[in-house]
Amino acid sequence: MVPKVMIILGSGSDIDIAKKSIDILEKLEIPYSLKVASAHRTHSLVKALVKEATEAGVEVFIGIAGLAAHLPGIISAYTHRPVIGVPVKGAVGGIDALYASVQVPYPTPVATVGINRGDNAAILAAQFIAIHDPKAAVKISELRNEYATKVIDSNYTVIDEIE
Amino acid sequence: MVPKVMIILGSGSDIDIAKKSIDILEKLEIPYSLKVASAHRTHSLVKALVKEATEAGVEVFIGIAGLAAHLPGIISAYTHRPVIGVPVKGAVGGIDALYASVQVPYPTPVATVGINRGDNAAILAAQFIAIHDPKAAVKISELRNEYATKVIDSNYTVIDEIE
Amino acid sequence: MVPKVMIILGSGSDIDIAKKSIDILEKLEIPYSLKVASAHRTHSLVKALVKEATEAGVEVFIGIAGLAAHLPGIISAYTHRPVIGVPVKGAVGGIDALYASVQVPYPTPVATVGINRGDNAAILAAQFIAIHDPKAAVKISELRNEYATKVIDSNYTVIDEIE
Amino acid sequence: MVPKVMIILGSGSDIDIAKKSIDILEKLEIPYSLKVASAHRTHSLVKALVKEATEAGVEVFIGIAGLAAHLPGIISAYTHRPVIGVPVKGAVGGIDALYASVQVPYPTPVATVGINRGDNAAILAAQFIAIHDPKAAVKISELRNEYATKVIDSNYTVIDEIE
Amino acid sequence: MVPKVMIILGSGSDIDIAKKSIDILEKLEIPYSLKVASAHRTHSLVKALVKEATEAGVEVFIGIAGLAAHLPGIISAYTHRPVIGVPVKGAVGGIDALYASVQVPYPTPVATVGINRGDNAAILAAQFIAIHDPKAAVKISELRNEYATKVIDSNYTVIDEIE
Amino acid sequence: MVPKVMIILGSGSDIDIAKKSIDILEKLEIPYSLKVASAHRTHSLVKALVKEATEAGVEVFIGIAGLAAHLPGIISAYTHRPVIGVPVKGAVGGIDALYASVQVPYPTPVATVGINRGDNAAILAAQFIAIHDPKAAVKISELRNEYATKVIDSNYTVIDEIE
Amino acid sequence: MVPKVMIILGSGSDIDIAKKSIDILEKLEIPYSLKVASAHRTHSLVKALVKEATEAGVEVFIGIAGLAAHLPGIISAYTHRPVIGVPVKGAVGGIDALYASVQVPYPTPVATVGINRGDNAAILAAQFIAIHDPKAAVKISELRNEYATKVIDSNYTVIDEIE
Amino acid sequence: MVPKVMIILGSGSDIDIAKKSIDILEKLEIPYSLKVASAHRTHSLVKALVKEATEAGVEVFIGIAGLAAHLPGIISAYTHRPVIGVPVKGAVGGIDALYASVQVPYPTPVATVGINRGDNAAILAAQFIAIHDPKAAVKISELRNEYATKVIDSNYTVIDEIE
C-alpha cells in the first residue's frame, strides 16, 4: 500500500520526534513510511526518495531536522507536494533549525511547526489530506475532541489534586 | 463562486503582505477571498468568518498578523482545515509573530512560513489544494519553473552588468 | 462566594506555576478559582468561563500559558476586566510565551509579568483589587514587609554561614 | 482635582510614547498627570513623586522607559498601587527595556505591556480603575467597540481599494 | 577597618556568585564587606548602605543580581564611586540581567562584567583601587601571572592525559 | 583559464555582497567565476555547477545567501573542496542565514564568515589557496599590510579632523 | 602632559562614539589621548600603545569597537590598568560587540558599558580616577547634578509643550 | 615531523571539543599538535606558538574557545594561514562565542564552524590541506562515504527498532 505521508529524519538520533508523528498518524489511520536521510550527507538518497515517493503518490512530506536544518527545504526543492518542517531543539534551543525551516524563500515554502512538534506535523499532514478525504476529516475532529475532553477533564484530575 | 482560500488580515495596515499572496493566487487561478478581522478586537467576526467559510467549502486559511500574532492559531481553533500563518515584521524583526504562529501547541497546528512571506503562503495553500487537483499542480510547477528560469537568467542580467 | 480572581491554566502540566499564585492569594485572603482551559483546544470553554465569570463579578483574570501563549490575550478579548499573563518557560527559555503575552495589540492589553512568575501575578491581581479595598492593601503591605524582613535577615542567615 | 493615573517618563525624548497614553486617557475621561523623572538621574524625585501621589490618591502609575528600564520597577518599590511598564524601543529593538520591566522579581510586579505601547498602558490603567468604577467600564467598552468597528470597516476601506 | 569594596547581593540565593568575588578579594588582601539588599524589596536599605559606605570611604561597589537586575544601576544612582554589575544567569541565560546592568543610561554607568563572573568583578574592583595603590597593583599582577602559569601548565596536565 | 574560486549567489539581489568578494580577489589576482543559482529554486543547476567546477579544478567555493541560507551547505554536499558561507542580512539581522551556514552538521562543514562579509570570504579563499601558492601568500600579506597602514594613518586623517 | 585616559578606536569609522567620550572628558577636565588601532589589523600597535601608555602613567583605557569586538579584551591582556569596553551597534544591534566585550574570561575583565555609550565610558573612567582625586569627584557630581537638573527641567520644556 | 594542523584550546576545560577534532584528524592521518593558550591570559604564548608554527610549516590553525572567544581572531592576526574557529557552548548557548569568532572584521577572517563542532573543524582543516594533497582528498571522501553509509544504515538499525 502506498503511504500518504513520508517522514524523513535527518539523523537517526532524532527518532523520538518521529515517534510523536507516528503515534498520531496511526491514530488517524493514515499510511506512512519513515526514512533516515541527510540533506548534506546523503543528498542523492533524499532526492531519490522524494522523487520516487512523489511519483508513487505520496501526498505530504515531513522533514525532521536540527541545527542548520536544510532537510525540509531540500525536500521541497524536489517535489511539488507540500512539505512540513519540524525543527529539533539543540544548543541554541532550536532557533537555528526553526529559522532554517521557516525562512526558506519563495517559491519553495516549508510549512513549519513548533520546535520538536512531531505531533503537530502529523495533524497538519492529515489536514492537507483531509481536504478531499472526508473520513480523515472525521478522524481529525475525533482526535481534537478527544484532546479537548482531556483538557476539560484536567479540571478534575489536576486541580482536584491540589485542593 | 466559493473561494478555495480565505486570507484573513489581522490589521488593515498589513495589506501589502496580503497583496503578495493575492498576486500568486491569481497567477495560479485559485479563487480566494480577503477579509480583515482581529483575533483580539473582533473575535466573534473571526469565528463567524471561519465557521461559515469552512462550511461553505473553503479549503485553506491564511492568517497574516504581527506582534503577538494570535490570528492564525485562533483560526486553527475554529476549523479542521489547514491554516497557514504569515508572521509580520515589527519592532523585534518579526520574531514575536513568528513564535506566536509556529509555537501553537498540539493539536492545533499552524503551517508557518517566513516573516512577511505572503508569496510562500499562497504557494503552500496551492500545494494543499493540488494534492487532489492536477490542474493546480501543473500551475504550481509552471510558476516554479518560471521562477527558476528567472534565477538562471540573472546569470546574464545581473552578472553581465558588473563585468 | 464569588471569587475575585480567576486563574486559567492553558495546560494541566503547568500546575506548579498556578500553585505559586494560589499560595500568595491565600496569604492575602483573596478568594479565587482555578480552571484548566486552552485557547486553542477548548476555545469555547475559555469564552464561557470568562463571560460567566465577568458577569458573576470576577475582578481580575490570570492566564498562565507557555509556547505561543494565546490564552491571556484571548481572555482579554472576552472581558473588560484586567487580564494578567504569566509566560511559562519552554524550549526557548519562555521568550515565545513572553512575546505572545506582552505584544498583544491595542486595545486588548495583557498585564504581563515575568517568566514562570505565578507569585507576581497574584500580587499584581491583589494590587488591582486593593485600589478600592483598603483591607487588601494592608495585606499586600504586610506581605511585602514580611518579604523585606526576610531579605534583611538573610544578611545573618546567608552571609554568616560563609564567614 | 487629583489625577487617577500618573505617567512618569524616564526621559523627555520618549514623549511620543506618553502622548499615546494621554490620547486614550482623555478619550476615557480619566484624569492624569505627566512627569519626567529618571530612576538613575533623579532618583529622589521619583521617590517623592510616587510617595506623594500615592498618598494623594493616585490609583495607577505608568512608567515609560527604554534601555535598562529601571523606572517602572523602582516606582513599584515605592508604592502599593499597581504599576504599568512600557518598554521603549532602542538599539536592540526594545528587548532590553522589555526584560528590565517584566522580569522584576517578587513581590514587586510590573504589569508590562508591549514595546512602545503607550496606548495599551492607558487601557490597562483604565481597566484597573474600572473594577470599581462602572462609568469607566462603560467608556472602555465603547472605545473597544469603536475600534472593533474600525477593524470591520477596514474590510471596505482597505480591501476595496485593492480590488 | 573600613572595607574598600562593598559587595551587595540582590538575593541570598545568589551567594555562590558572591563567594567567587570574595575568594579573589581575599587573595588580593583587599578588605571588603558583604550585604544582602534588594533594589525592589528593601530599597531604603540599599540607599542607606550605599550612602553610609560612600561616606565611610568604600571605594568600589559590586552589585550582583539576576532577572531585571536593577541593583547595580540603583547603587550607581546613590554614589559617585564606581559600581560593578554582575548579571546572574536565569531562565533566559542571564541576558535579562546583562541588559539591565549594562544598558543603564548616561550619566550613571555600571561597569558590567560577564554572566555569573564574580571573579572578574573582584579583579576589576582591585584594578580601580590599584590606580593609586602600588601594592594592590603588584598583587593583581601576581594573581594574573599565577593564572597564566596554570594555563601554560595545562599543556602538560590536560593534554598529556589524552595522549 | 580555470578559475580557482567559484562564487555562487543564491539570489541576484545580493550582488553587492559578491562585489566585495570580487574586489578583493582581483587585487589578489586570483581567477574566479561568478554564478547565480538557488539551492531551492535551481537545485540541479547548483549540483551541475559544483560538480563540473570541482572536476575542472576549482579549489574553493563561496556561497552567498540570506534567509534560510542553504546554499553553502548544499555546495558542501556536492564537493570535497572547502566551501565558504557568507550570511546575508535580512529581517532578523542576518542571524537566520548565519545559523543556516555555520550550524551545518558533520561531516559537511561550511567555513562561515561574518554577516555580509564578502570581503573576508575572499581573503579566506585566498588563504586556502596560498597554503601551496607562495605568490598568493605574498599578495595576502601585502593586502593586510596595506590595510594596517590605512588603520594607522587614520590616526592622522580621522583624529586630526576632530582636534 | 601625560593623559590619564587613553581612548582606542578599533576603526576610524566609529569616531562619533569616541566624540561622546571626549565631550565628557573635556567637561571633567581629565586629560586624554585618542588613537586608532585594531586588535586584528594592527595588533602590534595596540600592544605598543598600551604598554607604553601604562608605563607613562595612563590610568584607564577605553576600547571602542563593533562586531567581534576584541579590542577591549586585548587591551586588558596588556595592562593591569582597568579597561572600559564600548560595544558599537552593527547588523545585529550591537549584541555581537556587547558579548565580545563583557564575556571576556577571568582574570582579564572588561568594564563594559551600554551599546554606543561613549558618554558613560567617560564618566566611568572619571569615577575610577576620582577614587583618589577629590577634584575629579567634585566635577563628576557637578556633571551629574547638571544632568539631573536638565531632567527636572524637561518637566517644563517637554511637558508644557504638549499641554 | 612537522604537524600540518595546530589546535589551540583557550581553556583546558574544553578538552572534549578538541578530542572531537583529534579523532577525525587521526582517521584522516593528518599530523597535528595540541596546545592550551589563552588570548587574554597568555597572550605572548599564543603569539609565539602561532609565529613559530607558521614558520615551521603548520598549514592550518584551529582555535577552540568559549565566552568572548577572541582566540581564533587573535591567531588570525598573527598568521597568514587560514584559521578555523570553534565556538564553545556556555551560559547563552554559545552565541557569544559564535559572534566573537564569525564577526571578526576584514581582513582577518576566521572560518567559523558550528557550536562545539570540533569534528567539522577537523574536516574543514583537511579540506584546505587536500587542495594540493590528493591523498588527503581521498581520505576525506572515504570518511564522508563511511558516514553516509552510517546514515543509510540507520534506516535499518534505528527504524527497524521502532517497528
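We call the chains A, B, C, D, E, F, G and H, going by the order they appear; numbering starts again at 1 in every chain.
Rule of thumb we're sticking to: a contact is a pair of C-beta atoms (placed from the backbone, for glycine too) under 8 Å apart; a residue touches a chain by one contact, two chains touch by 3 or more.
Please read these numbers as outputs of a predicted model, since none were measured by experiment.
Student: By residue number, over half of the contact pairs should agree; on that basis which option among E-G, B-D or A-F is the same interface as B-C?
Tutor: A-F
Student: Which of the two pairs, E-G or A-H, is linked by more C-beta contacts?
Tutor: Output for the comparison: E-G.
Student: Can you work out the whole-Å distance between the CA centroids of chain C and chain G?
Tutor: Spacing between the chain centres: roughly 42 Å.
Student: For chain C and chain E, what's the span in angstrom between their mean Cα positions?
Tutor: One centre to the other, that is 34 Å.
Student: Quick one: report the Å distance separating chain C from chain F, using the average Cα coordinate of each chain.
Tutor: Taking the average C-alpha coordinate of chain C and of chain F, the gap between them is 51 Å.
Student: Got the chain C residues that touch at least 2 other chains?
Tutor: In chain C, the residues touching two or more other chains are 11, 38, 41, 67-68, 92-93, 95, 102-105, 107-108, 114-115, 144, 147.
Student: What part of chain E is in contact with chain D in the complex they form?
Tutor: Of all residues in chain E, those touching chain D are 10-11, 38-41, 43, 67-68, 70, 73-74, 76-78, 90, 92, 95-96, 99-105, 107-108.
Student: Give every residue of chain H touching chain E within the complex, in rising order.
Tutor: Within the complex, chain H contacts chain E at residues 9, 11-12, 15, 19, 22, 34-38, 41-42, 45, 67-68, 91-93.
Student: Looking at the complex, which residues from chain C come into contact with chain D?
Tutor: 24, 59-60, 80-82, 84, 98, 102-115, 117, 119-121, 123-124, 127-132, 137, 140-141, 143-144, 147
Student: If we count contacts the way the header does, which residues on chain E are in touch with chain H in the complex?
Tutor: Its residues touching chain H are 89, 93-95, 114-116, 144, 147-148, 151-152, 154-155, 157-159, 161-162.
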